[in-house]
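What follows is a single structure, written as structure tokens, with notes after it.
Chains here go by letter, A, B, C and D, matching the order in which they are written, and residues are numbered from 1 within each.
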Amino acid sequence: MSIDSVSTLPQNTYPNVRVSATGLELWRGDRCLFNDLSFTLNLPVLHVCGANGSGKTTLLKVLCGLTITERGNVTWTHDKRILTTGEVRGQLAYTGHQEALNPALTVAENLQWGAGLYRELSNDEIQQATEEHQLDSLTSLLACSLSAGQKRRVALLRSVLSHVPVWVWDEPYANLDAAGVEWVNALIEAHVARGGCLILSAHQKPAINPEQVQTLGLTS
Amino acid sequence: MNAFMTWFYQMSSPPHFYRWAGRAIPWFMWPALILSAVAAYLGLVRSPEDYQMGHTVRIMYVHVPSAWLSMWCYTSMAVASAIGWIWRMKLAHAVAAAIAPAGAALTFLALVTGAIWGKPTWGTYWVWDARLTSELVLLFLFMGVVLLRNAFEDRAQGDRAAAILAIVGVVNVPIIHYSVNWWNTLHQSASVSVAGKSGIDSSMLMPLLLMVLGFTLYLVALILMRTRNEVLLRESRKRWVQELVQS
Amino acid sequence: MIEWLNMDGDGIYVWPCYVLTLIVLIANVWVAKLQHASLLKRAAARARHNDARTEVLEEISP
Amino acid sequence: MNELSYRRAFSLQLRKELTQLGRRYGSVLTPLLFFAVVVALFPLSTDPSPQRLATIASSAVWVAALLAAMLAQQTLFRGDFEDGSLQLMALSALPLWLQVIAKQMAHWLVSGLPLVLLSPLAAYSLNMAPQGYTTLMVSLLLGSLSLSSLGAIGAALTVSIRQGGLLFAVLVLPLMVPVLILGTQATELASKGDNAAGLLNMLVAICLLSVTLSPFATAAAIRVSLD
């Protein structure tokens, strides 16, 4: 799976979107997750790593704007212009621990709804995307009959299909086999090649060239 | 005007509020005690008995203030919640969290004193009278807010959820009030109105107003005390609390 | 005195109301005081615990 | 930048909801069966002579319809919350309050409307005078619409709480008191042959108020629950 064969990504390059956070402070009950956490992302990929329970998922939700911190703020910039929360929402595809696949709908319908939240897309576009990523055998299956790895792939495919510059992936490698991991790395490379930005939390470093990856270690 | 703004901004910082409230509580509690005692004395001894209801009219001096103030509590809780929601002020949520149980207690008080008053007036303790029924629904609304607030583990999340419910509730309280009155007039002939506010003579009005003022001051003191507790609950991690405790 | 307490028969309705009001109002204040004391105690315990771990939270202006 | 179209937000969510609800016929039948069972409880709990039943007919039908609609309303967001779709809805550029309206409409079509259409059957079984049926249906239509809006706020507030179901009922039922009073009163008057237009107008007012204002509160409640 070389880079240029991932045709389901948009042909034009993405605008250059980056994020920075200053003085984040967040508590969960008596546990302090972040205390005065600040960082600025200037490389395309931000790799959030840390032990279990160090707040990786919460940090991703804070960056997306789902979780409100007690102190500090998150600013998204598009070529030095600061984006409002409304603008950020259209630019950002979040794939969390749960794959947001409705069990009563088929894979195609889930993708139609999931990517449809970001842009108008037709059924054959979905069909072409699933064929390209070897998921076409699943399109007519109900989401509840999929394995965890297959669900993970469909969720990641949704980000690809939504053509947004920023992907926020929480543990993309979870439940994936070797072929799956390689597929994800290819997706990341293609996305970064088009100028996209990726924020992911994972225990292993993404296998792409290291200069493009900025690592943020969280201590619990 | 900007003197008020600086005071409002200063007050929004929990440590400052905590110290100010600590000093302010006695200033509200003692006048409340004095006023209520005077009002009770006037109401029980001085004021005449009602030609129809006899001495039971003296219950009005306790029932009416708690009924009025329970309504006041709900509205001020909704206002505090709205301030907390719009300006993200943790202190305003603490105030709203403090008002809710106090309001529920007053609503319960109004219900029970109204029911006891109902016995000599209508012969039974519970009558689906318009005011008592809307007091009962108000109690349900209060309990809803209190239960929702502590159903969440995270305090800030519970505050914001209870704020939404309080604001939605305060929009519905007048609608509930009028629809209950409407329902009451449709089904029952206009029974003796329990608190005949119109046309009570001045000797009865004085103790009533004094009692209302006394209850209000008491309520402000109680809410300040409870807000200090809520602030301690929310800020127990912060340094100013640890310094306060160690000094 | 007894006659005044009796309020020719209505006393058994008036006095319970006043007594109940007093109880409810005092109970609220008393509970608030108890809660305040226990919160201070808990904060003190946490402060000692924190000092032991020598990790004191910086106070950032509101 | 993606174009923002309100039509797409509404139709996207409506299509998803209707296909999902269509797949499980249980979502239509359960509220109806619950409604029938509760209506049947009333005659069982008093002497079923026609005159006796006629007096409680309108309140029995209304209380049963209210509880049935509330039962269906309770899990409005739970499914989406558990599989993560609610996060996706909150994070998309499409307005959340519009997606909430679409979700409410779909659920109302599936659980509220059948109740309204079948309520004359229950009224007939409780010996309500036939002249009251149309007013019953109109008032139930308005009542179930305002319940679906107010209930959505309660559902959004309690979606992340473990046993949120009971708390949901405690939150929503006091807010439904005005609708219940006006609805039962209108049906009562209509079944006696009087004109219930005044009450229905007030019911329309309350219904419009709750249908238009509550989606914003529901969207805010969803963002709180997702925190």
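As a convention for this text, a residue touches a chain if its C-beta (ideal position, glycine included) is under 8 Å from a C-beta of that chain, and two chains touch if they have at least 3 such contacts.
Small disclaimer: the values here were computed from a predicted structure and weren't measured.
K.L.:
Give the chain pair, either A-B or A-D, that is connected by more C-beta contacts.
P.N.:
So, comparing the two chain pairs, more contacts are at A-D.
K.L.:
Based on mean C-alpha positions, which chain is nearest the centroid of every protein C-alpha shown?
P.N.:
Checking distances from each chain centre to the full centroid gives D.
K.L.:
Quick one: which chain's Cα centre is the longest way from subunit C's?
P.N.:
Centre of mass proxy via C-alpha means gives A as farthest from subunit C.
K.L.:
Need the CA-centroid distance for the pair subunit A / subunit D, whole Å please.
P.N.:
Chain centres of subunit A and subunit D, defined by C-alpha means, are spaced 37 Å apart.
K.L.:
Centroid from C-alpha atoms only, then distance subunit C to subunit D, rounded to Å. What do you get?
P.N.:
Whole-Å distance between the two chain centres: 42.
K.L.:
Let me have the rounded angstrom distance from the C-alpha centre of subunit A over to the C-alpha centre of subunit B, please.
P.N.:
49
K.L.:
Measuring centre to centre with CA averages, how many angstrom lie between subunit A and subunit C?
P.N.:
Roughly 50 Å separates the two chain centres.
K.L.:
At least two other chains touched by the same residue of subunit D: list those residues.
P.N.:
227
K.L.:
If I count partner chains per residue in subunit A, which residues reach a count of at least 2?
P.N.:
Where subunit A meets two or more other chains at a single residue, that happens at 32, 68.
K.L.:
Listing for subunit C: what residues touch at least two other chains?
P.N.:
57-58
K.L.:
For subunit C, which residues are in contact with subunit B within the complex?
P.N.:
4, 7-11, 13-14, 16-18, 20-21, 24-25, 28-29, 32-33, 35-36, 39-40, 42-44, 46-47, 50, 56-59, 62
K.L.:
Residues of subunit D touching subunit A in their complex?
P.N.:
Counting only subunit D, the residues touching subunit A are 1-2, 4, 8, 12-13, 15-16, 19-20, 23-24, 79-80, 82-85, 87-94, 223, 226-227.
K.L.:
Looking at the complex, which residues from subunit A come into contact with subunit D?
P.N.:
Per the touch definition, subunit A meets subunit D at residues 64-68, 86-87, 89-92, 94, 96-105, 109, 113-114, 116-120, 164.
K.L.:
Which positions of subunit B touch subunit C when the two form their complex?
P.N.:
Against subunit C, subunit B makes touches at 12-14, 29, 40, 44-45, 49, 54-56, 58-59, 62-63, 66, 101-102, 105, 108-109, 112-113, 116-117, 119-120, 218, 221-222, 225-226, 228-229, 232-233, 236-242, 244-246.
K.L.:
Quick check: in the complex, which residue numbers of subunit B touch subunit A?
P.N.:
For subunit B paired with subunit A, touching residues are 88, 153-154, 156, 237.
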